[in-house]
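Both of the next two complexes hold subunit A, though its partner changes from subunit B to subunit C.
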Partner chain A sequence: MTATPAEAPGTPAAGAAAPLRAVLALARAETARMLRHPVTAAAALLLAGGWVSAWFVIGTTRYPVLQDLDGDGTTGVMVLLGGAALIAGNLAVLRARRDATTGLSQVLVLPDHARTLAHLLALLPLAVAGGVLVLARMAVLALGAPAAGRPNPYELATGPAAVLLLGALGVLLGRLGRSAVLAPLALLVLLAGLVALEPLAHGRPALWLAPQGGSALQMPAPVSLIARPVAAHLGYLLGLAGLLATAAMLRAGARGARVAVAGGVALACTMAGGTAQLSPPDRAVALARTSVTHHPSRYETCRELGHVTYCAFADFSRWIPAWDTVVRAVVAQVPATARPARLTVRQRLAILGFDGGIGPARLLAAWRADDAAAGTPGAIGVDTQWGDGPAAADLAAQVAYRLVTGRTGGARAGERDGVTACGGAGVLVVWLAGQAGPLARTGLRLLAEEARDERGGVSFHETRLFPAVFVPAPELAVATEALARPDAGVAARVQRSWATLTAPGTNAARAAEILGVPAPAASTACR
Partner chain B sequence: MNTRILSPLLRSTARAITWRPAAAGAVLGAAILLVPEALSARLTATHLTTLARIAAICVALGAAFLLDDPATRSTSAVPVPRLARNLVRAAVAGPAVALWWALTLGLARTTGHHEAAAHLPVAALTLEAATLPVAALALAAVAQRRTTDGNTGVVAAPALLLLAAVAWFLPHPAALLLTPADPGWEASHHRWAAVLAAALVAFLWAGHERPRLPRVWRLTAVAVSVLLVGAGTASAFRGDGERAAAPPLGSVETGTHAWEQIVPGGECRCADGGTFSFWERRADPARVVLFLNGGGVCWDATMCAFTSTGQPGENAFYDWNDQGGQRPYDQRSGFFDLTRAGNPFAGYSIIYVSSCTGDAHLGDVARTYSPTLTVQHRGYVNGTAALAHLATHYPDAAQVVVIGKTAGSIAAPLYGGLVADRLPHAKVTVFGAQSGAWPGDPGFNAKVLGRAWGAYDAAPAWATDGLTVRGWGIPRFWVQAARHAPDLVLARFDYAFDPAAAVEATRWMPGDPPDLLAVIDANEAAIEAAGVTLHSYTAPGAAHGLFEFDRFYDLEVRGVHLVDWLGRLTTGEPPGDVHCGDCRR
Partner chain C sequence: MTTLRAEGLSLRFGRTTALEDVTFALDDGVTGLLGPNGAGKTTLLRIMATAIPPDSGHLRVLGADPRGAAGRLAIRRRLGYLPQSPGFHQHFTAFEFVDYIAILKEIVDGRHAEVRRVLHAVGLDDQRGKKIKALSGGMRQRVGLAAALLGDPALVILDEPTVGLDPEQRLRFRELIALIGEGRTVLLSTHQTEDVASVCRHVIVLDQGRIRFEGDPVALAGVARGRVWTGPARADGALAAWRTGNGDYHNIGDPPLGARLADPGIEDGYLMLIAAGPAGRAA
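On to the complex of A and B.
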């Protein structure tokens, strides 16, 4: 703790240029100290470490939706790097007081307000470093994985702007109070806001007044439907940062036209951004959301791979090969005669609130009508998330149900479980879904655990909103046994006895016998 | 150090401590927890737990400044060792912090206008809240060794935040910051206890100066801190254990009335010796349902084994502890759709008792099936505890319906008689569903009811009056109950060929495979031959579930809807028997 502003280079004031050079020189020194500060280094490591671990732990990161993940990184940058800026900036301002050199600084070339300006300027490189981290993450996601969509540059800039805002708050707190506890406490207030404001705001746009901005959509959506007021929010954050910086300068004794102008600009920025972000999204966007949700086929492009047509929103077309891998693996286990001439997989947007208020039952009806109009009746649904086990299992099981029964699954109004697949058909649905690769097997296990209710069994969903196919517990048990056996043996039995297995009268016990696995312990009536 | 210098030491230490950071942290922490809670009823237990943690960090940040001492350069010469000075500071501040936590959490639990607040896991959060200031003090004590100017908080406070951030990122097997509903919640608090112990040891270690404390003192200090932490944690978890049995978010809303978990304690327990609980939904105090849920039965080492298939606490035969079995709040359709207009039991208060003893609410014995398996068949103790709760809390009940589901219905007539004893002015109706095929076989009676479960010894004297163990069988329960309390309205329901309802008792039924409908009809004929009116509704087919599905409302036999039949049974003139014609349908 020996370095003090006294060490900042600079010659005694002679003309306006000298103080400016001195401010810049001090800002450089403070920048170096801030970037090297243990808190900053640890925060950057934690931030990067969190992102790297998400890549390995969260399956959907491997199929990133860039317009969804851009905002998702902002909170981390704000809390970790912003928190570091808040604490390190505050400690830097308090350093003179801590070392009891306040009196000494009165005789230095730079007055208080100039040193405050240097502290504020030292925040800029940290914000830039944050921006570089954010860009690097986006670049890795965009280039290293089949990414959907594109990030919003304003959303990406929000994190670095929050770093500036919190850093300016730290400097201001250092000017307002002598205790080093204020900055950490301020960070905790921000954290409490992250926890409590969302339930308090309850969907109202007022949440945008908080640094973290409004809540994200429940599911990824195409870029054109997102309509988050991020540009206005960015202006609002920068304006707030300017206001705090001006307050810190005023507190340090700065006066004059330049401070007034800076304050005025910051205030205007805050007001303009603050009001603009509160206005509801365009009516046109609301209409587009409803239309895309109700009639996905009108907004999709379709691609044929083999006998399967895949229809996806333009942003998401890079996922088609991944879907195809799953569908192909399921179809491959079915005897050639049982393969349908045509199969359609259609992406659907399943975000409550985008449906124009018609409710789930009528939304399902709208999808059926949309499929019929597009000439693809009975299309199999996928949603806008991909890469985890349950998503793969859901798609695989729907395809399997179609191959086994010739019909498409789907929930009827008021039914919780979708169509029930009984007996041999149910066993085959689960076993075929398990053929779609290790990811789908993991998904099967997770779904079976998650969907555990009084009857056991497993539900597969068409998009995450609607259950499509339900397989009861005895059928699930037989299929799980079969999946635990060597694949080739069971696959041969399936090929040989396809007709018997798919016949309506074949119950789970009979299917178990055919597949050569123990019969289920209890067999409840299946309708 | 003697007591004469202790008092001036305490006083001057209290004056020397930098109180402002701690005070600021206390005020802000209380505000962080209490203000959002006062503003919104939408906060869940997860939100409140996180806010309570942030509040605790606020005070811990203040505690990081407790060891700040501007005079540190001169104190190295004083005879009192640094560890002693630190301990005195901690001893002065500790009670204040504890008081603040008790007040804040107490206010949060009492003033919050939602149920999540009342069910905050106090002991677990207190362990976390104790760990944080101790960790802050330990960091400050470490900083003391490195600084010469006495500014320890400047280092300790940011370091504490960093540690909290690291804790936030810890992956699941080592996670510290879980939500109360997480299955790893309790295990994570064993880790918290370890962190607390480590922080205590670090605080003590960092406090001593070069001339080290005598070895005896060091060992004593370590032993005492380990003991304190261990004992504190153990007692804390005993407290939370009772509460932890509560559903994740406290009471669970079903319509407008919440299900509340009741832990009767006493001699009540589950098969593995664990805590037994039942559930209550308070609504109309004059009309009450005692719902005896199934939960499976067992009577040998294989059936009764404490193995888990799927859900913890249940094997393929029965639920052997309180974690197994169905919760009433998980079931929202059928009978449990308690806000549905067509539900004959809408508006009733409900006591829901699920069996976790494998004895159909009948036993009171500890049975050793193998050297490693002793099963507490205490269903009668558990069931009568719930019955006592009903009688105590609904003394003015005019209408009590004892409903038994599957194995739970075996004992339904006996409990009907017991209710009539306790509430002589109430109209008591018994509706036993899906146990009509349980046989009255002397071998079964002796082996299972008598020997395995000890039910013959547990049952009230009137129930066994004039009978031998072998003669006292399940159909006989109806007769004994009716003789004891002639005003009981008795009714049963069965699917003709329900494959699961009595599958465990198949070998005591006549025929191979037995004709289930014939067994049901013969049982009813025997009961009615003894002069008892048993209203019955026999549905066709081989279905099993009834109460938990919406077919409860759809079921119709010979033009009579089951719900209408039940409505007449409980409120008006008892209806005639309904029996399927083509029962194989």
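On to the complex of A and C.
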């Protein structure tokens, strides 16, 4: 008999490091197969395609708020790439059984638990690929329209962690059952659970027990106020993935201190992360939210552009030039003598639950007091969403109302729609808002359509929660006619008749006559 | 040095006795394992390949005892095994499949070179980039053989590797097995007595879980010495008889009228053993 030295190249190595090196080699081979698997390729294409189409179809008008969008991709990454990891990981474990090679593979050197470790390690590049896609999406968002804020790295890592979790589940299922149907079934159950859980637990802490985590805030907020327990959730997900991986290793025959330690660490992560993520935000965050909501001027940075002062939270200061474009376009249509010496535009935070429970009326009062204390009484409000038509129309109309009436709009106690702009003033508010550019005109149309089913007219908001100025239907109709005419002709009439148009006694019919458009069918009993 | 020594191996599957008191030893060279279907050949090979343990008996393979995990590992490091009807990962190329097996054999240094070496050894240099599903049955068997040769194993166990191959493929395979048997121990399970006659220096005949013969091919043929006859008629009480190409009958057993005594072949000896039933062990 000829015995071959085990050290010779190309022979099974007998050294202590050989199993580990073989595990890494197997992990590399399995990774390559998982990444090339049609399910993975289809998942990556669907994910990227979905993001690109959403970006083109839905998101082109809304300026990105990175701390708000960083968690948006989690569910997609989890369902698509995680689903691919679940199926590809499961198929990798079952390969020998599916292809009837167990007769050979069971007498090969690398033990089952080492192969399972390799299958688990092979999931890491899949999770990294998910992370790369998430980062690429963030980079596109950050480099496109002026983006506000910054993403949370823990939030970005949640999707890839979910890929690991589902991949580990696939490996475990491969160790528990012989059928390749188990993994797709598990994915279906998971999807059904996601669909069922969403309406039941929306906004509740229990939602954090699901892989995708809790629901986002209704409106974007500065980074420091978000306080989503994403770090704890990430630890919880990784702990769960570790538990599933440990179970798979045990099932494959792994024993010993290392497995026990790994299982212990995974259990500790799961328990600690799971508990921490269910805890409410600490009191300091709650106080900060209330303080920022009540007194925005204390937390904002102001910047003067011409005669206008813009005050924004630090995360959102990149939007100031876009606000200025709208404001300048409106001011440019007003006779120089009618322009105010100073205007202030102030960003406000209006998120349910952030106001400390004082209610809308007292919050409005707190804002007025804050403006007065900051030396900017009558500041025009803008919220933490920007880039779409309604937001541009809201800001433009508030500026127009200030220029036309000398007063700032805004809801008062008991008012449904904010102050009402009547007659020629109302017509001018809408027409001036329409001069702020195509985006504002689109916004005007959308806002008018929103109100058409009720009583006509259009309402412009200071924030999404608080209406600032209401223009009744007859005034809106006249302004719409005027906006349909060539701008230069109407603009000349506005310049010539500014005083008449802005006079309190000028009704919509008279304004129509001045602007050379048909009179409205009905008139408004404006006060 | 003895590569493998089995003493009193027995194994039952429920009420069925698969192996009973099997004792033999293997040295360098090709040993043929002959036996009818259900004789226990595959079971015996699986025990030797450490896939399943016997119920009783002792086994030492390459100096190690497969009852312990360390012993099994030591054996597997130096074992090449081609199971009966081996499955293949159809979407792998030949190279990828053998490379995958090499990883599972913990071949880490010079792995790709080793994969190329064994594919060259089985004559698949030109086919290594082809998907296995695109290969013929003979080529797939070569892929399986290449996988068995990974790591230059001291013991190679081949379970009916020529089943389903056409005559030319069988001859090529036979040539390969003869080459592989130079300098190592090869155990070849087969139904083909010609294969055994061609390449084996040692033969074991297994029937109903028992060894019926152990010796060299000439001795196996010798079992039928004085019992093989050629003549113009078929003997009524022959254990086996068939008409040959020249019109005469080849009879095994008692001489028919007018028959001439013929030199027995290995096939005759094998048939004598099997037809005689489990009466005892011939050597």
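Note that in this section the second predicted complex is superposed on the first by the 494 of 527 C-alpha atoms of A that agree within 3 Å, B and C clash if a C-alpha of one lies under 4 Å from a C-alpha of the other, contacts with A are read in each partner's own complex, and residues count from 1 in each chain.
Going forward, a contact is a pair of C-beta atoms (placed from the backbone, for glycine too) under 8 Å apart; a residue touches a chain by one contact, two chains touch by 3 or more.
Just so it is clear, the model here is predicted, and its values are computed rather than measured.
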item: Contacts of A:99 with subunit B and subunit C, given as first, second, both or neither; value: both
item: First, second, both or neither for A:405, with subunit B first and subunit C second; value: neither
item: Which superposed partner A:46 touches (first subunit B, second subunit C, both, neither); value: first
item: Which of subunit B and subunit C A:108 touches, first, second, both or neither; value: second
item: Which superposed partner A:182 touches (first subunit B, second subunit C, both, neither); value: first
item: Which of subunit B and subunit C A:290 touches, first, second, both or neither; value: neither
item: Of subunit B and subunit C, the chain that contacts the larger number of subunit A residues; value: B
item: First (subunit B), second (subunit C), both or neither touched by A:80; value: first
item: Touching partner for A:29 - first (subunit B), second (subunit C), both, neither; value: second
item: Subunit A residues contacted in one complex by subunit B, in the other by subunit C; value: 1, 99
item: Complex interface listing, subunit A residues touching subunit C; value: 1-4, 6, 8-14, 18-19, 21-22, 25-26, 29, 95-96, 99-111, 115
item: Subunit A partner contacts - residues on subunit B that touch it in the complex; value: 20-21, 24-25, 28, 32, 36, 39-40, 42-44, 47, 50-51, 54, 57-58, 61-62, 64-65, 149, 151, 153-154, 157-158, 160-162, 165-166, 169, 171, 310-311, 316, 326, 330-331, 333, 499-500, 503, 541-545, 548
item: Interfacial residue positions of subunit C with respect to subunit A in the complex; value: 1-3, 27-28, 46, 49-51, 62, 73, 76-79, 81-90, 99-101, 103-111, 113-114, 117, 144, 147, 150-154, 183-185
item: Of subunit A, residues touching subunit B in the complex; value: 1, 38-39, 42-43, 46, 49-50, 53, 57, 80, 83, 87, 91, 94, 98-99, 179-182, 184-185, 187-189, 191-192, 195-196, 199-200, 202, 416, 452-456, 521-525
